[in-house]
Structure formats: C-alpha cells, structure tokens
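The data blocks that follow each hold one structure.
Two complexes, one shared chain (subunit A), two partners (subunit B, subunit C).
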Partner chain A sequence: MSSTTTESGFARARRGVAPGGSGTAHGNRKSKLSAQATRTFFWLLLPSVVLLVLIHGYPLIYAAIQATHDGDLLQTGNFVGGQNFATVLTSPAFWKAAQFTLWFTIVGVFGSWLVGLGLALLLRTRIPAGGTFKVLLLLPWVVPIVVSSTAWNWLVATPDSLIPSLFRNLGMGTPLFLADPSLASITVMVFKVWVSFPFMMMMISAALASVDTTVYEAASMDGASRWQQFTQITLPLIARSTYISWILMTIFCVNDFPTIYLLTGGGPVNATTSLVVLAYRTVFQDFATGPGVAIAFLMTMTLVVISVILYRQIRKSSVE
Partner chain B sequence: MNASSEQRRSFNRRGFLGLTAAAAAAPLLAACGGGSASQGGGGGGAGGTVKFWDMPWATPAYNDAAKGIAEGFSGANGAKASYQIIQWNNFYQTFSSAIASKTGPAVSTGGGFQAFQFEQQGQIAYADKVIEKLKANGQFDDFLPGVLDPFKSDKGYVAVPWQLDMRVFWYRKSLFEKANVALPTDWPSLLEAGKALKKVGAFGFTTGAGAGNNYANHSMIMMMVNNGGGVWNKDGELDLMNDRNVEAMEFVLELVSNGIVDPAAVSYTTDNMSAQWKDGKAGYGLFQVNVPQRVGDTSGDLLVADPIKGPHGDKATIVFPNNIMMYTNTPSQEASEEFLVYYLGQLKQLWQKKLMSALPVFKSITEIPEFANDPNNVKIVKDWQPIAKTFAAQGSRLNANLAALDGGQALNQFSQTIITGKADAKTALQTFQSGLESVLKK
Partner chain C sequence: MSAVLHAHPESGPTLGIDAGKRRKVLSEAGERGRWWRFAAILIITGIVLVPIMVTVLLAFTPGPNSTATGLTFENLSNVFSKTFAATWLKNSLVTTLSTVVVSVAVAAPAGYVLSRGRSKAVSGYSLLLFVMQSLPIITSVVPLFILFAGMGLVDNLLGLTIIYVGSTMTVATWMMAAYFDSIPISLEEASWIDGCSVFGSFTKVVLRNSLPGVLSTAIFAFLLAWNDYLVAIVFLRSNEIFTLPMGVQSFFQQNATDWTSVMALAVVMMLPPVIVFATLNKYFSVGGIGGSLAGR
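So, the complex of A and B:
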C-alpha cells in the first residue's frame, strides 16, 4: 500500500466510511443522528452553561459595573465611564507594578520550567532512591504557601537570619534580602521559582514518560549527539505539554497574590508590588473599589491575549 | 438619581441575590434536618437573638472568654446573643458583604474606623441611648478621660470604646546600662541615646514596615503628633505640609542617617520586630501594651519609657480606641442596646483573666490587681494615656477617611520612604499628601 493510499485510508476511517463504501447513505443517516445528537447535547449542556454563566457571568458583570462607577464595596456609586481606567493607566504606580509583574512572570515561568525540566530529565535516569527524591522535590509545591513564606522570611529577613549570616561569614557583606529593593525583587522571584518548579517537573515528567525510548535508540544509531537528541527529539515531543505548562504558569504568576504579599507585602517602597497586589491594596486598603477593579480587568484582558497566543502555539505544535 | 436611591438600588440587587440563594438553599438545609431560622442581626424569640461579631483581639483564650460573656446575655423579652469570630483577613469585605445581604451582625467589634465607614452608608445605629444607660448605671463616669469624645458625631455616638490600643516607647534597661546612657527625655537626648546604643550593637528607634506591619506608620504619625503636628488640622482638613511635620520627619531622617534605625526595618514583620526586641537588638522604640508577654521576655528588662518632649515642648502619642458598634439591621434595637450595656459591664473579666493586650477604657479595670500589679501598665495609664491622641489629630473627632489613612498605600509608602532615607522630608510629605488626596472621600 502506497503512502497516499494509507493516508486516504486513515481519513476514511476517521470519517467512519467502510472500505469500498461511498459513505453517502451513511452520511444521510449520520446527519439525521447528528441533528438529534446536537439537540440532546444542547439540553444536556444547558444546565452546565447556565451554571457557568451564573458563576462567572454575574461577578464579571458586577465587576464591570464597579469598574465604571465611583462607589465602594457597599454602594455602587455614580457612573464615571472610563475614568477609573484612565486614572489607573496614567498612574506611575500601575506601570511600575506592571513592569514588576512582567519580570516576575518571565522569571517565574521560565525559571521554574528550566529547573523543572532539568530535574525531570535527571529523575528519568536511574538514580538511587529516585522515588524518594521525587516526593521530596514536590514539597515546595505541596507545603502551604503561608508556611513556606514564613520559613523564607526567617531565612532572609534580618541581618542575623541564616542566609545573611552565611554571606557575612563568607566575607560577602550582609545583604538585606527583603529591605533592598533590587534584592527584594530577586528574592521574591527566586521564591516563586522554588515554589513552582515541582509543578513544571511533574508536567514535563508526564510528557517524557510518553516518549518512546526507541526513538532515542534510533537517533543514537544515526549518530545524533545527546544535545541533538535533546533539542531535536525531546523538546519537540514535549512541546505541547510545555506550552500548556507555560500558559498555566503565566496565569499562576500574574495572579499570584500570597507569594508576594506574605513575603514582602509589596515593599520595600513598592519594589515588589505586582498588579494583583496593587489591585488588592487599592480596593481593601485605600477602599477605592473602582480603580482596583479596573486594574483587575486590565490584568484579565492581558492574560486572555497571552493565553490565546500560547494556545495557538499549542495548535501549531500539534499540527507539526 | 441621588446617592440614597443609588444605595437602595445596590442593596436591593444584593438583597435579591441573597434571597434567591437562601430560597435555593432552603430545601437542602431542610433535608439536612433541624435547620434554624436566620435573619440579619439575629432572629429567634420575642426579644430576638442579637448577633455579636468579634475579632481575634488576642489569643484564642480571649475569644473563648468573650463568647462566654456574650452567650451569658439574657435580656428583657427573652433576648439572647450569639457569638461569632471574624478573622482580620479581608474583614472589611466580610462585614460589607454580610451587611449588604442583610446577614450581618447586630453588634460588633471591628476595625478602628469601621463604624464611621458604615455610618456614612447609613448602616450604624447611634449609641446615644446606650450612653444614657451608662450614665444611669454609673459606668459613664468610669470612662478614662477623653476616650468617648472622638466617637461623638453631629448625629450622635457612632460607637462606644472598649479598649485602647496605645503606642508607647519601650526600652531594654540592660542595653542602656551597657551603653552608659540616660533614657531620652526629648529629641536631642533620643538622638544621643541612639548613637550610644549603636555602639553596643542595638538600635535606638526600633520599628518595622514589612508585610502587615503598621508600626513604622504609627511611629511616623506619632513623631508628627509629638511635635504638635499631625495629618489633619483642627478643622479635620488634610494638613501634611505643616512646619511641625516637616521638622519631625527631618528628625527621623537624621536618626536614619545616623544608623539609629535598623536598615532592614523596612521589611520587618511584627514577628521580626518582636525577635529584635527579644534578641537584644532593639534598645528603644514604639510598640504596643504588654510587650514583654508578646516578645516572650518577662525578666523585667523590658520597660515602658517616659514620654519625650518635642522641640517645642509638645508631648503626645497616638492611640487607637477600639470600639463596639451597633447596626441598624437588628431584630430589636432595644435588645442591641441592652446587650451592649451588658457586655461593657462584663469587660472586667477579660483583664482579670489577663487576656488583653490593650488598655481598658474604664478606670475601675485599671485598678484591679491583675492589671495594676504590672508597673508597665500603671505607667502607661498614668503617663501616656493622658497625652494620647487619635489618628485624627490635630482634629478631635474620628471619621471614615481615617480608614484610608491607617494601613493605606499612601502612608505605607511614605513610612517606607522615610525609614530607608530615600527622599527628603518635604518631598516625602508632598507625595504622601498627593497619595492621600487621591483616595479620600470628598
């Protein structure tokens, strides 16, 4: 059988056409069934759709109302149109927070992906007590963020904490990891990578498990180096999972409130204030509901755009 | 459409949703067996059940004791009270949602300025009749001087104070002895003491501005008030750029530049601050009542200092008079008032059991042995309470705008800017003023 015949055979099989059949009569019956099925699916899906609209639609509409009014948590207030959005978009604090959110997301997504990928590849090799290592490596993801942020605080907060003491004893001065704006930003990002890499490791491990090892054997026989195998086989084969994990981690990073708020509160002097922290503080500390919700809206729109771009990459990688 | 009709519309929509949810949930609740009627503020018998919401003001033992007091209430017409703890996390949202859906409390403690926020929205029942009853039973005369005045508005008493969260200077005696320096009595001696403490590895102006820590905010406002300044003028208008404030912040910046403020303080949580006090790194600084118990050092080395004089002879600190408020949504206003009078009459138990980390508002409680045996407590009542002013200083009445000041972004950023020495006093105050103006309700 030629390759063309094979492909058309697969296509016919996917359409449900038997070998030698035209598919026409079956197609008519199918279209009748399909109309019935569509109606059935519609009625079966309706409760879920109604529920979803209620769960997501009402808060979204109410948030839109709040973002266009000058009220507070109790009163809707007066309609102000796009004034809250204008206030937010002309505020230096918003752009500073947006800039930090961008860096936090880039480092959070790719940092955790790189660490997760490295560990997933390492754990794929036969190492003693590999299962125990897997469990231990999951701990940062499993431990409640309140506990891990408290632990990190005690590790770095004061000049006499463990890590600054270590630096001092090594003759490297006494870095103030949470008090210096640049160091605080780096510390928060490192903390985010530490919290998130187990998730990436699990995603990549699952993807790697589905890769047939004979592909590597064949590549080896063809003379491919380890690096070539990694870049030409491993990465393309796990691309779908990689894009999905990037989408999810981007959403996790942009919406991450506790990691930042519990460790630095957004300080010092707003150095680690992300958009979600800014939105929270605007609504619940300044009691300015309209501008705070406007920030949340802008975040959502940005996330949707990023998700769509990455989702297209997934489809592209599937086609390839 | 005016504000009140807009407000009504908002309530109706939320009320409708609450009703729909309740109607949907009713069969489920019935199926679970038992079930109980519930309405906002309470429900139950002829006098109703007064819903009392309380915050975790101290250890869980405090809430157990407060619950015992609340549930011991038995009013006329068979009125009872129920007790519920509300966590501090997102407490304003918790109260707002509950009040909007008519499932809120009839009486509650809460944030220091919460009563004024809800008063603005027509949700607070004025406490004038409670004050009348306190006058009748003698408790009115038992209030410490000046604690009730900040709650009086043009329409009546918005709430009734029940404890005072005071800010006072504490010091570690052994560090002052080691540094061979006298306790500060004014700003120049505070600077000298700070320099001497620095030589023995301690800080002379201990504070913190990390996650959830407002002590740096309070220290800044305290220094302004201690110099006869403050965020507001006597008419309650924003007045941050006055000369006294500039002078106060220039002095704090001098402390910073001399290394008297811990350079890591900007990131200190309250736990980090407590650790600095416990580890002998903090020699002097503003903190709350009961620091030895909080820090875990009851050796007698941590003591309340004397108030200090500003350069113009002013002597003042700040206090947060925590209060109990009544809401208009209640099964019976009489029952709410009766409960509040009853609860205020039982407060002594909480200090007798040593459950509180704040000053009482009643003179009689300051005299009970469990409170008066601690010389730090006695000193605070004698020397600090009479000079304490609220966040409204130099104004005299509390208001809803103070909620946006206390813990708001403008003050946080200002305090962090000052204790890191990132800007001069005038620039920092100007930014603070602009930030505050943008969030204050006109």
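So, the complex of A and C:
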C-alpha cells in the first residue's frame, strides 16, 4: 500500500512507535507486547468490521445480484445478465440524469468553494464581531435540509411567494423558480451552494488559521501586490485543504438526495432528476428494482474507482 | 504546509527598519477598511440567513384561523396537541442518541487501531472505510430493505438506528483515528512500562485524553442521524414511527397551505442541532471527514 511507503517522516515518528512496531529495546518483552497488541487490535477492530460487512459489504454484493436479476422488492427473480444495465444505459432518462448530476456537481463544488473562499478571506481580517458572523454563517450547513428546503419552498415555490413577488414589484416579471425547467435546475444548484458553502468556509478558514500573517507583511515589503500575495501565498497554502474539500464535495453532490428531492422532487419534467433521485424513483415508485439498482450500481462502481484514485492522491499530497 | 511555517522564521528578520511607520499607515487604512468589511459581511450574512429567519418568524406568526395578534406560541402548541409531533420528536431523539452512543463505541476502538497499527491490513481497512463512505446510500438501502423486511426491522426504529450506525461509523472511525494521531505515543509507552496492557492503556490513557475527539465525532454522528431523510423515507411507513424529517414532510404535503404549523415543527426540528452547535461549536469538527482527512 502506497500510504505506508509515502508517509512523511513526521507521521512515521508520530505513529510509528506503535506497540506492534519493531524496536530495538528489550527484545523479549517487546515481542510479547507485540503479540498482545495484535490480539488486542483484532478485538478492537472486530465490531467495526462486523458492521461494515453487514451494512456495507452484504448490501453491495446483494445489489450486484439484484442488478443482474429481474426481481422486485420481495423476490430476487430470474437471472437476466446485463439486461438491466442495457436497459439503463440505452434509456434517455439515465443520460439526462447523468448530465444533470454532472452540472449539479460542478456548480455545487466550485460555487460553494468560491463563496466559501471569499467569506473565509473576508472573515480572516479583523472585523467587529467577526466570531459571531463566523458562527452565524455556518447555520445553513447545520440546519437540517428538511427545514431549509421547506423555507426555500416558501420563498420561491409559487408565483405569489416572497421572492417572485419581489421580482414582480421590481418590474422584472414573475420568475417561476420551481416550475420552469431550466430555472428550476438553477434554483436547485443555488440551494446546494447555499447549503454547502459553510463546509468550504470551514475547511479554508482552518487552513488559513495555521498561516502566520507576517508572511504577508514580508511579501508586501518586497512589493508583492494583493493579487500576487493571493496567488503566490494564499492559494498554495490552502491547496491541500482545497483539494480535499473538492473531492469530498464532489462525493456529497453526486450522492445528494434530499437537497434535490425535497425542493423539486426531481421535476419539473425531470429537469432536476439526478442519478440518485432516478434510482430512488425507479425502485420505490416504478417498482423496477433491477434497473434501479443497476443505476445505483453504476454510480457505485464509478465512485469506487474515483475514490480509490483520489485517496491515493490525498495520501501522496500529505507528504508535501 | 508545515514547510512554509518552518521557512518563515528565517524570513522574519528581513523586515525593514521602517516597519513601525508603515504599520501605522496600514492600520489607519485598515481601520476604514474594517468597517467596510463589517458592512459587507453584515449584508451577506443577512441575505444568507433569510430562509432561517423566515422559518422562525412564520413559526411564531398567528395562523390563518387564529385570533391572536403579534407573535404567538399557538402554532407550536397546536402542532404538539393536534399531531404526532411529540412522538416524532421522541423517535428522532431515541434514534439519534442511540446512533451517537453506538457509533462512538464502535469507532473509538477501531480508530485507535487505525491510528497505531502499521500493518498492510490496517491501512487497507482505512482505504476501505474511505471508499465505503463515498458510496451512495441508495445502493445499500434497497438490499437492506429486503433483508430488514424479513427480520421485521422495516418501519422500526431499531432498523433505522442500525443503518445510521453503519453509515456514520466510517467517517466516525476516521475522525477518531485523526484525533488519536495527535496524542503522543509516549503516554502509552509509559503505561506499558508500568505493566499496563495494550487495551488498558487505550481505555485509561488514550480515551481519557480524547474528550474533544469523542465530542466532535459524537456531534458528527448526531447531525447525520438527526438530519437524515433518505433512509427514513425508505424505511418508515407509519405515522407513529416517523422521525421528525418524515413528520415535517408529511405535514407539509397534507397541509401545504398551513405554513405556520409546518414552520413551527421545522423550528422544533432545527433547534437541537442549533443548540448542539451553539454550545459545542469549538468541538464542531470541519464537517466530519473533511477535518480528519486534512488532519491525517
């Protein structure tokens, strides 16, 4: 495993001297302790492994079986090979959902990153009551989606809701935020950015907090402009956090269900149906278990590959 | 990142002699800039919080059939007396708190092994946890639905709790491991020399010093279980087994026009996470796995 070989010397020192580790001192005693450690480690890990197998492993295997059978929620049905996958991959609905998921993810990741970065930079300077603002701005991330989607619905859903009325009174027409297909897509994405920017803000703030501000003073002495300071100092310093937060937000966006489902239900005319929403509806509303699980399975496979690659990248980046 | 921090002290002395003068000029400009930034952040925060303010305001606004004026607690008392709200609240609390306790109890020992173990099996398990947390819950929900249906665990709070523990434990383990990484191994070594077993040093030395780590893991599990909607919508069927998210939704669909009651229940649902966040916000880790990935 690359993670063990690419570990930095510091990390090694930090966790290297584990009881199971090879050492020089007191040989006999050490090996006794080492055997004991291995046994203890086994028991400490066991509950976690059992749960992982039950809640993640078993369903994954079962899902693979379901995806290749024509059963329903009660029975497995007959083996149909790749037929479900063929059905899914040739259906326009799948590709439309894949396309929406892609856009939703791109806007969700970079939109929330930009907003989060801007606010983190603003909050980093000395501002009266800065700490209070920091806490208040995390609320969209803390408040349950069920609650915030209800509030957003109240604000935009019908032509007489607060925000469409506001537009009307300003003479800008009456936008149908959730009824017009393209406007609904935008609304869902804006909602996702609203929910997610605090996460980005936290990640970037944490990274910025570990930077000594005198670096900037030194840079401005050397005549570096604000922009140069931003691109030459700030961005490299938050690069690792940024990278990790992009990865995680990508996963959060692809897997997101409530943000979309609770605001639009996937409509109007499937304009905001993501892959997860499509899989959910296929299984629990159309009762087509095979194709539904096949959609989920295709997503799973893609995410496994992506996350293994990204995990290695993160581990590598921690050396730098 | 650490490279920069280490490099910095050497660059310190190069600051010019006129640094003091310059700083004064900067601080005057900074003083004016401060209030501009204050105004900017005030406006942004105001706009961002509109949905939350609307929720709270509507919850205390008299409903369509009410005779009350001004702000009122009528909606709240109506919601509790005329619907299953109290049951939903209890269901949510029971499920969430059980999830928190079991999740931490499973994740802490596993996180310890992840932090201290160096074998390939351990790092492989760490990768496995990372992959599992990144998979869509919908994939496991369908097979689990079938499995649980056979065991009578559908429409059942125990079934819900088991799935919540399963889906929080991956990230929880990572978070615990990241925290244990920060505890110096020398503490345990000292206890081993005193004849303490590995397990003994884990519980007596490491866990005892890990309250902040345990708290942030607990907060993470709390938020995930409390806020979940997908698992609840699949597994819960009857009104009296609903958790709050399902309650709010059912209410919302049936009484779409009665916004004040919906918002009253929404405020009930939003309160516990906000309270947890307000009181324990220093333990509020950077969104669960984010903090532990950045930290490890």
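We adopt the following convention: the second predicted complex is superposed on the first by the 248 of 320 C-alpha atoms of A that agree within 3 Å, B and C clash if a C-alpha of one lies under 4 Å from a C-alpha of the other, contacts with A are read in each partner's own complex, and residues count from 1 in each chain.
By definition in this document, a residue touches a chain if its C-beta (ideal position, glycine included) is under 8 Å from a C-beta of that chain, and two chains touch if they have at least 3 such contacts.
All values derive from a computational prediction rather than experimental measurement.
Judged by the touch definition given at the top, the superposed model places A:L178 against subunit B, while subunit C stays out of reach. When both complexes are overlaid on chain A, the residue A:R281 reaches subunit B alone and has no touch with subunit C. In the superposition on chain A, contact of A:L262 is made with both subunit B and subunit C. Taking subunit A as the reference chain, the count of touched residues is higher for C when subunit B and subunit C are set side by side.
After overlaying the two complexes on the shared chain, residue contacts for A:L73 are found with subunit B and with subunit C alike.
In the superposition on chain A, contact of A:V146 is made with subunit C only, not with subunit B. Residue contacts after overlaying the shared chain place A:D160 against subunit B, while subunit C stays out of touching range.
Of the two partner chains placed by the overlay, only subunit C lies in contact with A:V135; subunit B stays clear of it.
Of the two partner chains, neither subunit B nor subunit C is touched by A:A86. When both complexes are aligned on chain A by C-alpha atoms, subunit A residues 58, 73-74, 153, 261-262, 284 touch subunit B in the first and subunit C in the second.
Contact residues of subunit A toward subunit B in the complex are 58, 71-78, 93, 153, 157-160, 176, 178-179, 184, 261-265, 267-270, 281-282, 284-288. Of all residues in subunit C, only 1-5, 8, 11-12, 14-16, 19, 22, 30, 33-35, 37-38, 40-42, 44-45, 48-52, 54-55, 58, 105-107, 109-110, 112-113, 115-120, 122-147, 149, 162-163, 165-167, 169-170, 173, 181, 185, 188-189, 192, 197-199, 202, 223, 226-227, 229-230, 234, 244-245, 248-249, 252, 259, 262-263, 266-267, 269-270, 273-274, 277-278, 281, 284, 286-287, 289-291, 293-294, 296 touch subunit A in the complex they form. Those residues of subunit B whose C-beta lies close enough to touch subunit A in the complex are 3, 6-7, 9-10, 17, 90, 92-93, 96-97, 99-100, 117-118, 121, 123, 209-213, 262-269, 271-272, 275-276, 279, 281, 403-404, 407-410, 412-413, 416-417, 420, 422, 438-439. Residues 1, 3-4, 10-11, 14-21, 33, 36-37, 40-41, 43-45, 47-49, 51-52, 54-56, 58-60, 62-63, 66, 73-74, 119, 122-123, 125-130, 133, 135-148, 150-155, 162, 194, 199, 202-203, 206-207, 210-212, 214-215, 217-218, 221, 236-237, 240-241, 244-245, 248, 251, 254-255, 257-258, 261-262, 276, 279-280, 283-284, 289, 292-293, 296-297, 299-300, 303-304, 306-308, 311, 314, 318, 320 of subunit A are the ones touching subunit C in the complex.
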